[in-house]
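All chains are identified by letter, namely A, B and C, in their written order; residue positions are counted from 1 within each chain.
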C-alpha cells in the first residue's frame, strides 16, 4: 500500500522549536518527532514498549525521552536506559527508531530499512534554500488517500473547472491548451503546458501592476515518487517570444508540494509557493499564500468527496480520459516499486526516459486503483 | 434487502425549484435529481464515471449536467457528450440514469429494470390532487430501517401508549378497541378499527369547535408495498350511526405517508395530512401539521431506539403478539417479492384477497426479520 | 472476556431515588435498574421481548414495568403479565432478569447463573458502613477496557510520574521505595509499600495543619476479582515508629474503587475516598474528593491513550518490568477463572496464599493480554 524505502517530508522545522514533542502519524505509524539538545531530529515510535503509553506526552531529557507513566527513559536509538526502582534493564525493552533528517526547512523520515537510508537521496529542489525565492511554508490535512491528491496535481485539466476563479482563470484553458509533452520518468513524470495570449489568472493579477495585459503562460509540472510535486510557472508579456526563450519581463513561481500519507485515508500536505520577484515586499508572498490556500481548499472539497465516493462503493471502476496519462503512469510506476519492495527486489535506479508525445495511450490500461489504492 | 422494481417517492416537487441540484440517497445509491429546462425530472447516478466526483456539485446546463472536476458533460440518459480538450468520447463513459416521474406533488424514482418502469403503476391516491383536500407536505429523516417504520404504522396498538397525549387520546383505546378486520392483500394489508363514544384525541380537539362532545372514531389504514401508508380517519358525533353510514357532521382526514429506504439503516419519510373541512382557514392544516409532527417525533424516538437495540444484538429474536398480524403479513409478502425479483421471477399481479377476520394467526409464524431486515 | 459468576458494583443507591429508571450497560448487556415500591432493587434486560423497545423509557408500576410502545407489562422476574387487547399471554414472552442486591450504599448485580448468586459473597469492606469513616461517593466513565484500569491501580510506580503534583508528591517515590511485599492471593493480590521521612503529598497537605512536617507513609493496596480495589493509606509523623505499630498522630484513608466493565472498551468506575479524622468538618472530604478526582483524571488521560494505542495495533505485545508482578498475577488469575467458568468448572474457593517477597518473577511470563483483554 505504501512505499517504505524512501524519504517522506514529515514536517516543517518550525514545528519542533522550543523542545516541542510532536506526535505525527506517517504511513499509519504514530511517531514522536523532537529535536534533541544536540540539534539532531529524532523520530521514535510514539508508544512505550512497556504498557503502550504515548511517549509524546512524556518528557524530553536532552536527546532522550522519558515515558511519564512509569518513568522509563529511552535514548535516540530507542533503547530503554533507565527504569525507576529496577536495576537491570532487559535488552528487549526498546521502541523503534526511524532515520530522520532536516533539509529545505523540512524534516524528513525514512520508514523502511534503516540500512538503506541515505540523506543524500532526499529530493533535490535547489530553489527551496535559495534566498532569491521567497514564500511561506504551510500545511493542509486531507481526509483522502494520498494518490487522489497526486492524481489531482497530475492533471492541468481540472484547473479550468475547479479553479476558474482562483488559480485557473477561465474554462477556455481546458479547451484550448494541451500538454506540449508528457514525459514518463522512472520516478514519476514531467508535463509542460503553454497557454498563449491569455488573461492573467486571478492569483497572479493580484500581485502584478499591469493587471489587464495579456500573458503567455507556461506551466511545467514535475511529480516524483513518493509524492513530491513541483510546478514551475512563468508568466511573460504576450507575444514577446517567451516560448523561444525570451524571458524579459517574465515573473516566475515555484510551487513545491509534499504529499505524505498519514493513513490510507488521510494525508499530510506540506506546501510552499515561491516567487522570484517580491524583493522586500512580503505582502506578495502573503497574498500568494492566501490565493493558493483558496485554490487548495477547492481541491480539498472535491478530493474528499471523491474519497467518500470510493469508500461507498469499493467496486467502482474509474474510467480513463486522455488527460489521465500522467496519473496512470505515476500509479503504475509506484505500484511496481511497492511490489518490488515487497518481493525484496531493488527498484531500478532512476534513469533518463524517452519523451512520449502522445497524450493518449495506445492501449488503454486500467488505472491502477486495485494495485495501489 | 430492497425491492427494486417499483416506484419510490423520492422527494417533493418544491425541493427542485429554481434549478436546484438535489443529491439524495435512495436504496443506498446516491442519486442526483434535478428538473431540466424541458421540465422533465432527471435522475442520474451522483458520481462522475471518470474520477468519481459528485455530479451534484457540478453545473446544470439545460437538461444536461457538467462535472466540475474535469468538465465532462452528461445528457439526461447518462451519456458523456463532451470532454474538454479531447475530441473522441469513448462510449463507455456513461453514468447510470434512473426512470423518474412527477405525480401528486412528489417526484418518484424506479430503481430496478428501466424497461419495466411504467408511471401508470405509481400508486393511486386520488385525494392527493383533489383541491377539496388540504394539507402541508413535509419530511422527516429516520435513523432506522424502513421496515421498523412500516411496523409502527401497521399497528394501532401503539397509538394508546406512544401517542396518549397527541394522536391517541387515551390508553383505553388499546384495551377496548380491536381491529374489525385485517385484510391481507397481495400488495400489503388493510385494517379497520372503530372506537365508539370516546373523547376526541388532542390533535382533533384543537381544530374543532365543540371540543368536549363525544365522538365515534373510525380508522382505516392501508399499507402498500414498497411503503406507502394511507390512513383514512373519520370522527362523527357519537351515537349518530356513523357505523351504519350516516356521516352527517363527520370530519375526515387522509394521512398519506411515503416511506423510502435511504440505506438499510436510514429512511426518508415524506408525509402530508389532508383534511376535508378547513375551507379557507389554513390555520387548520398548520395546526394539524404540528400535531402530526409531534406524534411522529414520538414514533421516531422509540423507533430509533429500536434500531439501536437490533444493531446491538443481531441474534435478538422478536416475539409476536396478536397485534402483529398485519406487519407479519406485510414483511412476508415483501420478502417473497424481493426473493422473486432476485430469482428473476415476476411477482403475481395484484388481485383481490379474501378478508381474514381472525386477528390472531393460527400458526404463529416467526416475524420475517431474518429474511427482509 | 468477562467473569460472569460474581457480583459487580452497578451503581450508587442515590442513583435510583424517586423511582428513577436507570439504563446502564454492564458486561455489554443493557440493563434497566429500578427500586420497586417494595424497596427491592430490580434488574431487567432493558429491551422488550416484543419489538425491542427499551423498557427504561417505559413506566414503573409498583414493582413492575410497562413497555410504552405497545403496553406490555412485566413483573420483577421478567415475566409478561399483561398485553392490552389480548387475553392469553404466551409464556415465552419474558425478558431476562438479573439478581441484584444493595450493600454499602451501592447496588450490585450478578450477571451469571442466578442459582449461584449469594449476596453474602459480596465483598467485605466493613469501613464502608462504619460512620467513623467519611467520604463522598462518586463516578467516572472510562473509554478503556477495565483491565487497563486495574493495571494502573496495581502499580504504585506510576504514582511518582503520573501524579507527581497530586497524589504522588515526588518522583523520588519511584526511585527510593519498593514494595515490602507482594502477596499473590487466590482472588487477587495485596501490596504494601513504605516511604519513610518524606514530604506529605499535595492531597494530604491540603487537609492537615502542619503541612511541612515530614511523614512516614504506608500504602497497602488490595485488588480483588472481578475489580474491587481498596487502598489503606496511613501518614504518621516521621520517626515515631509507625512501622513498629505506633500510630499516634497518624491519619488514615480508605480508598475504595469498584471497576465494572461496561463494554470491552468502556468501564464504570465507582469510588469513594474515606478518611477517619474529619469529624464534622465536611470540607475535608470535599477537598479529598476533588484531589482524588484530579488524580483520576490524570490516570484517565493516560489510560484512554493506552486503549487507543492497543486498538490501533492488535499485534502490539506489551513488555514486562519488575513492577508488573501484581498486575500479571491478577490477569493470570482472572484469565484462569474465566476459562474455568467457560468450561463449566468451579473456581477454587478463596484460600490463604503464601507471601511472595520477590517482586521480580523468576520466569518472566508474558502478560496475559491475549487471554483476557
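What we mean here is this: a residue touches a chain if its C-beta (ideal position, glycine included) is under 8 Å from a C-beta of that chain, and two chains touch if they have at least 3 such contacts.
Because the structure is a prediction, the values reported are computed rather than measured.
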item: Overall pattern in which the protein chains touch one another (line/ring/star/complete/other); value: complete
item: Rotational angle, Cα trace of chain A fitted to chain B, multiple of 5°; value: 120
item: CA centroid of chain B to CA centroid of chain C, Å; value: 49
item: Contacts with 2+ other chains: residues of chain B; value: none
item: Residue ranges of chain C in contact with chain A within the complex; value: 151, 155, 157-158, 160-162, 171, 174-175, 177-178, 301-302, 305-306, 309-310, 312-313, 316, 318-323, 360, 364
item: Contact footprint of chain A on chain B as seen in their complex; value: 30, 47, 49-54, 57, 66-72, 83-86, 90, 92-93
